[in-house]
Amino acid sequence: MPELLYWLDLFGVVVFAFSGALMAGRYQLDPFGVVVLSAVTAIGGGTIRDVILDTQVFWIKNPLYLYVILLTAILTIVLIRCPKRIPKRFLLIADAFGLALFAVLGTQKAMALGAPISVSIVMGTLTGVAGGMIRDVICNVIPLILRQEIYATAAILGGGLYVFFNYLGWSENFSIIFAILGALKLRLAAIYWQVSLPAFQIIEKNDV
Amino acid sequence: MPELLYWLDLFGVVVFAFSGALMAGRYQLDPFGVVVLSAVTAIGGGTIRDVILDTQVFWIKNPLYLYVILLTAILTIVLIRCPKRIPKRFLLIADAFGLALFAVLGTQKAMALGAPISVSIVMGTLTGVAGGMIRDVICNVIPLILRQEIYATAAILGGGLYVFFNYLGWSENFSIIFAILGALKLRLAAIYWQVSLPAFQIIEKNDV
Amino acid sequence: MPELLYWLDLFGVVVFAFSGALMAGRYQLDPFGVVVLSAVTAIGGGTIRDVILDTQVFWIKNPLYLYVILLTAILTIVLIRCPKRIPKRFLLIADAFGLALFAVLGTQKAMALGAPISVSIVMGTLTGVAGGMIRDVICNVIPLILRQEIYATAAILGGGLYVFFNYLGWSENFSIIFAILGALKLRLAAIYWQVSLPAFQIIEKNDV
């Protein structure tokens, strides 16, 4: 059972590292710049989670994550070099996978460490959202969380579903997989059909 | 006495959550996006403070803060929906309250944990400034701290006044309240009359 | 021997504080705003490093760093006031010194705390890169790491050289000094001759 968690976590690192490398490709970074941006995206969220929970940061306990990021960045550079033209949605889709995986796994880790439910869902959302947000802020791109399509909502749904399935007494593996699928489906649907919840809008006046 | 601290802290969370929700309204975020931006603004500074001081993060110890943020975000959405047009200064004023409150309370918490005076004032400034800064950086808005009007100065004044009143032997409650009022008055005056200290300006040449 | 580390570390704080103050001069911040931006730039990277390594943050252990930053900011304001026009490269060069110093010293600190080599080089890169990155992100300037000239590469080289010299059995002092010189030379060369590694570029299509 903990093995599944581990592989899913590694997969989340891979897809977020891939999204960071794709973003780096827009800025024509040199190879080491690509690796740094991949790493920030892939381990940013989980690092903040572990620091706030005051547990040992996951990639210090197990540096394999760093090699996986290095490998992902190199493979992205090598494999994408040839076509050079890739669909713009690649980055969005990789980001969606990372968001769903990390939101659920972050919630799971916080609960396993004994955090209350509300805190766990916040930690999950943070884990899913923060890496991509740092990537976008560094690159001066409007963060995905500020776009109209469902984003934070998908992360909160992922954490919420995990808590709910857990409460229903489902096995850990099933809870995790179905919560990830739920969040992923919502986010991918939002990307494809540009679905969005009714927005909260303010029109500000300059005078008091 | 600790009760006053607690209520002021909650009030600071409310005003910063409100400012985050107002900012979200400019970007037409969906309701969950509003909640996330409110939370980042309201607990960002205090979280960084607690992590650096290596004490348990305040909203993990007491998740009530999270519910207060959720409630504030929902109320902001519901109540502001109708007029839809609000004065632009609302955000600035909510931010000023949060700045003054958190700068003084952050200084107080650091001193209570035994940090030296210089470190305490830095922690206070950080607590007051960081949440709003993260909000502005995420939203790609020029952070308030980069504007000409007195901002960092008000935060440092708040922490400094608290240390000074404490040194004079005033009671904790009085020290806190008057330090907050001092910082708040300075910042509000700077907003209304656009007061600013003489600025430090460099003109850069392109050639060496 | 630890004395050399200490002086180099202080020197790194001075040059990064100087670069933060120069950046503040572009935005005509008031004096306290200058101090805050200097501090964020100078201690941002090391603070994140210490928090992740779960060791006491260096400027809490020794608040002298804070006074050094204050002094640097004041001196920058006073001394640069007169000419008012300074070469644009001053900021780049100060940043290069800080990058090289902190990348090597960060790697050294992580190894001294028992971190594996891969983690140590990542921590060094983070220490060197993060302060300047936060400075640039706050100021809404494109971070130096996103520019084409060798930047992350110089930081990784610094950490890598230190590990290599250490492995060769060189004395601590020599390892540190030559690793710093190596990283610095690479970065300064990249600035002067605008050298860059072959870039990784992607052209994205809007359609799937």
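The first chain written gets the first letter, and so on, giving A, B and C; residue counts start at 1 in each chain.
We take it that contacts are C-beta pairs under 8 Å (C-beta built on N, C-alpha and C of every residue); 3 or more make two chains touch, one makes a residue touch a chain.
Please read all numbers here as calculations on a predicted model, not as lab measurements.
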Between subunit C and subunit A, is it the same set of residue numbers doing the touching on each side, over half shared, or a different set? different
Rounding to the nearest 5 degrees, give the angle of the rotation that lays the CA atoms of subunit B over those of subunit C. 120
With centres defined as the mean C-alpha position, give me the subunit A-subunit C separation in Å. 28
Sites on subunit B at which at least two other chains make contact: 51, 54, 137, 140
Counting only contacts in the complex, subunit A reaches subunit C at residues 21-22, 24-37, 39, 47, 51, 54, 56-57, 59-60, 63, 66-67, 77, 80-81, 84-91, 137-140
Quick one: which bits of subunit A touch subunit B in the complex? Just the residue numbers, please. 51-54, 115-116, 118-119, 122, 125, 129, 133, 137, 140, 142-143, 145-146, 148, 150-153, 156, 196-208
